[in-house]
Amino acid sequence: MKFSYYPGCTLKTQAKDLDRYARLSAAALGVDMEEIKEWQCCGAVYPLAKDEIGVKLSAVRALDYAKHEDGLLLTLCSACHNVIKRVNDDMRNDADINLRANNYLALDEKYNGETKVVHYLEMLRDYVGFDNIKKAVKNPIKKKIGAYYGCLLLRPGKVMAFDNPENPTIIEDFITAIGGTPVKYPFRNECCGAYVKLVNPDLTERKSKKVLENAKENGAEIVITACPLCYYNLKQTPCEDMEVVYFTELLAEALGVKD
Amino acid sequence: MQKIEELMYKRASEMLESGEVDRVIAWKKGETCYDVSPATFTKDNLEGFVYDAFCGANLSKYLVEESKKGGKILVFLKPCDTYSFNQLLSEHRIKRENVYVIGIECQGKIDANKLQKKGIDGILSVEEKGDKLTVKTLYGDKEIAFEEALSVKCETCKSKEFAVSDETIVLNEMRDNREKRFEAVERLEKMTEEERYAFWQAELSKCIRCNACRNVCPACTCTHCVFDNDKSGIAGKANADSFEEKLFHIIRSYHVAGRCTDCGECSRVCPQNIPLHLINRKYIKDMNEFYGEYQAGAAVTALNPIVDFTKEDVEAATVVGGKK
Amino acid sequence: MQEITTTHKPLIVAFCCNWCSYAGADLAGSSRLSYPAEVKIIRVPCSCRVNPIFVLKAFQRGADGVILCGCHPGDCHYSTGNYHTRRRMALMFSMLNYFGIEKERTRIEWVSAAEGAKFSQVMNDFAKTINELGENRRLEDLRCKK
Amino acid sequence: MQRIGVFICHCGSNIAATVDVERVTEALAKEPGVVYAVNYQYMCSENGQQLIKNAIAEHRLTGIVVCSCSPRMHEATFRKTAEAAGLNAYMVEIANIREQCSWIHKDIEEATEKAIVLARTAVAKILLDKPLTAGETGVTKRALVIGGGIAGIQAALDIADAGYEVDIVEKRPTIGGRMAQLDKTFPTLDCSACILTPKMVDCAQSDKINIFSYSEVEEVKGFVGNFDVKIRKKARHVDETKCTGCGVCMASCPSKKGLNEFNMNLNNRPAIYIPFAQAIPNVAIIDPEQCLKLKSDKCGLCQRKCGVGAIDYKQEDSFVERKYGAIVVATGFRPIKLDNFNEFGYADNKDVVTSLELERLMNAAGPTKGTLLRPSDGKHPKVITFIQCVGSRDVSGCGKPYCSKICCMYTAKHAMLIREKYPDTEVHVFYIDIRTPGKNYDEFYRRAVEQYGVDYIKGMVGKVYNENGKLMVQGSDLLDNKQIVIPSDLVVLATAIEPDPSVRDIATKLTISIDTNDFLTEAHAKLRPVESPTAGVFLAGVCQGPKDVPETVSQASACASKVIGLLAKDKLKGNPCVSHVDENMCTGCSQCEQVCPYGAITYIDKEFRIGGGKTETRRVASVNPAVCQGCGACTVTCPSGAMDLYGFSSAQILKEVEAICKR
Amino acid sequence: MSDIFTVENIKRISGTDVRKCMKCGKCSGRCPAFDDMDIKPHQFVTMLGQGRVEELLSSKAIFNCLSCMACVERCPRGVAPANVIEAVRDTVERMQGGDAIKAEDIPAIVDELIPQQLLMSAFRKYKK
């Protein structure tokens, strides 16, 4: 199984763990992650304004690159995933954006959304299979684990098509597969406060606190996430006895490849 | 072939003699060796009975009129002709019990025009020797590859099996070249719309509306053809109505679609050498691709795809002009 | 010298089955959902009443596009009529394309009595396609080699 | 030689405002064959029709073309007009210059030109029209009602009351439908069972009504007056004729973990059960998915306990074939699935319930015996929050685009009943709009607010989540411009309703149309609201559109009166626009027979003169005009053109094509 | 820039049809930043429809919207309030001096753990 892999800026700096453990685990599961060449920043947030084309171009470049490989673009960071999947959707369904993006890029062959964007979790679910992960687990993570989805993986539901946006189960299934006990809590798909941290840190702290408290109230000992921004915001929030880790770290640990 | 003809003659005279059959439909020699035509023979007169490489005509259609006259008829059918016979049976055009069918060996029939185009004139007789054809002419013997002389209808052959027969006369294994059946259609399909249009315009503008194709076609057995029916709204002989003039071939092919066994008689008889069989064959190819393989005349009871349907049939939009 | 330019006014013949599509066209009308005037409707009891000859005649008389509308497959008022239509027209349209007639000039759409909006949208779309293709001379000229 | 009159209707300003009727009249007067053309304000009016009649007499017209609204609207009217003036009813053609012209075009020039073309096309067609006479067919004096809810029950009772036989086919083991599940009915708060069950009993006792419970319509053939219907009686594994409904089997059954569908799966029932106490027929049924005997050939207790030997494990589906003159479709509704609305926490919280589940939680025959208790812990809820429009008025693709119509009223009912019975309960209702048109309806809702103190909050809920054992309902209070959170014990979702999914299959079998929301389409939204477009098939209840009980009953009775009107006739005039064969052309190839959906074509051997004093026998097709419905499939299949259709002949359609294409 | 032009431009770049709103308030019922918004999500939609663009452009809420898409996800009418908010914010920031954040402010806020993603997001959202 081979995927073109788009790591994104943060995974090369502050979120090296998220990336490193993902690679180790993938290798253990027989998945080939081939980092695409000369990728550029995805733009971090998907521009909602219809007239913003420039910010979407690097995503289209990455998508076009993957199109000429195996047609599968693997992402890990929630933000990159969100941006690239939504841009891909634009390329498929928004004739205006498609036209303008193609005009800018002047590729040899027009890009029309042929690539499939796959998040690392989707890869685990749809290509490896949670059952196979369960079989590969060497050290089951016997803990009560709360999945923290945040916003970016799930919404908008129709474009992301990741899971049921109001009742997702993919990370819970992942937790079960690595031997943990999933803790479902209502705030798992609420926003952590995101980038507002820079202009209104109080709002962000309130939101992150609510998430962690809600997870704790429902019995979670650890909260796992796929997003470096959520990770940062949650980490910055004081909450007793609550660990926040990247999901790939637990996966590597369970598979016995955590160094 | 000589040997086959002898055996056929023997069976024909035996059966006429014994009264098993009243008449025989077979081929009869004309003025030249390549001027062979279908004929009815009786006990008293078997003169001119012939079977050779020029006997391309499909005899099944003649049974429609002949069988109305009563009595039992012996007919000789090449493998591909048996499909037409079966198709006519399923359309209630012939009564099976009135006909005795002898299936006969066929290695493909040849076209004198093709020989003449290759500069072989004054043809006296031909002799098949494996893949070669020896042509005796006024100007001496000529030899060419059998394949090069094949009639357009025999360039590809849909089957060497007899769909129906009461007995068969086959001495040699019959040559099979069915895999190339749709090649010419595919070539046309691969062209652009403009190229196809140019192709057909060039071909169809040659048509002189002689109706030979219609008259020879074993699927064209209507009591009155729509083109001769004033009430149909599309009636007309040549030039009477430009509509019918232009669309005769499209409508004719549509009317025989699903019933056409791909016998190729239309192209064989066309004095203008229009490849009419490519129209019919396109329908056959489409039907095979859209609705599953179907060979008209392979079975008497089969439902022709044009009267049949399934709830999951393809939509025109997804198939017309090929998949993009 | 002044050049005389005549703009070609396209012509579209739409065959609509009485039970679904004609009613859908009525609904488009009563909902005031417009579509181009070049679309002219012929009412037939069922789409399966449409003989390929009618389609050819329309083209031959100068129609630039022909569209057939019937009930959705499975919803035919006569149970199976539109299934026959679907086969016949797939074969006929394929044949016309084989003769070089642009495949966009022929279309089948399934429009129910409740789909006034769809009817209007289909007709607008088809008319747009036909306008882009321009005049249809091919069938008329098929046997006249210039 | 035909003498055609053309009558152009203004339809008030509907046509005349966009089409220059004078120009159309002038143009048509010049058409070959047309001897008279006139325009008038309302052709369908008494005066308009008189104008037509006078013209027919005065100008000795042989046919008329009316340029007006859709033929689906007034073709029948003008046929009668022509007939009254001594013309054959089928010497009438309509040019649809309203729906297909004036209503969709704005430019007068363009619309007028098109109207002229459409009128010319109609003239081209009528020149080839021939007088036709409709054949007659008999009427089977029995009706079929599909669906045994309140709509089906009411229709059946009314039809039976007029003296006709009625069969009810109900796919569930008992009739009663959704209404049987309701606790009380608005706006009077009668007990639903108290008003429904006597009607169910009437059905069972009527000698005119025959109930096929646990049965489905398998196949429908034929046409108005003469439907042939095959009914599948599903195996209930209990002999209906023997079972007395004593219930001993239910007590003996060891497999008691089946979900009780009647109670919206809120409690359990045994594998052999009677759906509810007043079920009609009061006969047990075995759930084959659950029965130990049927699944693994173990057990067999019920058979041993049954005193009358009614249990039959080997029973299989059986079929009944019956003839009917008319069919009523009353297949009802179900609440939508809430998979797309997990923000309301339905999947994760037992105490988030749908309104229909609440009906059962409040009903004396329900799982809590009528005491309102939370499903999670059996405690009395002290704060109850209702959320309206769950899945209704939703065009995002998650729900239904329409208003479900009944939710505002039943939510007010629920709120009121709870406050009445448990005055210490706090009741909140989140609403977007309150829609209570109807007699005593708005008064009813206001009572909930004014008399019972129900707290109505204008706004929608964004999220329901569990916190510290409370259901936190977070939503907008738009009038206060605040986001509020109401800690609640029970949350009730006013779930949108949708047609029962069985309606798709029924629609296909009856060849009636269905709209994008799966509601059945009526023949005319205003003037023929209970008829389907297929003659002899009528629509009652929610299968046609959302409606409450009183509306459903009205529609069912309206259906019944239509059915009675139909069954009262001894003969039905058929459609004369049928196929016919030109025997001289027919080759007897059998292709037409193969495409005919009605089996209307057979073959005969017939002798024909072929000249010279000789004859020949040929096989030719023969059409039964009573069976032919006039689709025309055979006409296209026929290669020789021997088959043609009256009223829509090939020559006519070709002339229409020519007229349209004439530039 | 005339008001009508601004209104139409905001409508255009938001790509959402505000007339589809049926004023149910679900967006505001769901919004996690509701308390920090001076103009609420549902008001953005209504006010844009009414052309009250001056008020929107001076709103502080545009900087507190988390772009979490909850309002978009849940709107039963297919309206996207978040897109309207972003369209307003973009309009403000595209005007001279409209940036809500300046590069020189960053070092003071940044700690050593802050992810690039946060900085990039904030730059995209608050600065043109």
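Every chain is named by a letter (A, B, C, D and E) in the order it is written, and numbering of its residues begins at 1.
We adopt the following convention: a residue touches a chain if its C-beta (ideal position, glycine included) is under 8 Å from a C-beta of that chain, and two chains touch if they have at least 3 such contacts.
What you are looking at is a predicted structure, and each value in this text was computed from that prediction instead of being measured.
Visitor: Kindly list the shared contact partners of subunit A and subunit B, in label order.
Guide: Intersection of subunit A and subunit B contact lists gives D.
Visitor: What is the chain whose Cα centre is as far as it gets from that of subunit E?
Guide: If we average the C-alpha coordinates per chain, B ends up farthest from subunit E.
Visitor: With contacts defined as at the top, give the pair, D-E or A-E, that has more of them.
Guide: Greater number of contacting C-beta pairs: A-E.
Visitor: For subunit A versus subunit E, what separation do you get between their C-alpha means, in angstrom?
Guide: Whole-Å distance between the two chain centres: 24.
Visitor: Counting in whole Å, what is the centre-to-centre distance of subunit A and subunit D, each centre being its mean C-alpha position?
Guide: About 48 Å, centre to centre.
Visitor: I'd like to verify one number: the distance from the centre of subunit C to the centre of subunit D, where each centre is the average of its C-alpha atoms, in whole angstrom.
Guide: Computed value for the inter-centroid distance: 30 Å.
Visitor: Any idea how many Å lie between the Cα centroids of subunit B and subunit C?
Guide: 36
Visitor: Would you please write down the residue numbers of subunit D that are in contact with two or more other chains?
Guide: Residue numbers touching two or more other chains: 343, 397, 463, 595, 637, 650, 654.
Visitor: Please set out, as single numbers or ranges, the residues of subunit E touching at least two other chains.
Guide: 70
Visitor: Which parts of subunit B, given as residue numbers and ranges, touch two or more other chains?
Guide: Residues 233-234, 306-308.
Visitor: Give every touching pair of chains, nothing left out.
Guide: Chain-chain contacts present: A-D, A-E, B-C, B-D, C-D, D-E.
Visitor: Can you tell me which positions in subunit C touch subunit B when the two form their complex?
Guide: My answer: residues 52-53, 56-57, 60-61, 73-74, 80, 83-84, 86-103, 106-108, 138-145.
Visitor: Of all residues in subunit D, which touch subunit C in the complex?
Guide: Residues in contact with subunit C: 70-73, 96, 98-101, 103-107, 110-111, 113-114, 117-118, 121, 507-508, 511, 513-516, 521, 533-534, 577, 595, 597, 629-633, 635-637, 645, 648, 650, 653-654, 656-658, 660-663.
Visitor: Using the touch rule from the top, collect the residues of subunit A that touch subunit D in their complex.
Guide: The contact residues of subunit A facing subunit D are 158, 164-167, 184, 186-187, 214, 217.
Visitor: Touching residues of subunit D toward subunit B in the complex: what are they?
Guide: 582, 584-591, 594-595, 603, 616, 618-619, 637, 639-641, 650-651, 654-655
Visitor: Given the complex with subunit E, which residues does subunit A contribute to the contact?
Guide: 8-10, 13-15, 41, 43-45, 47-52, 55, 77, 79, 151, 154-157, 165-166, 190-191, 193-200, 203, 207, 227-229, 231-232, 235-236
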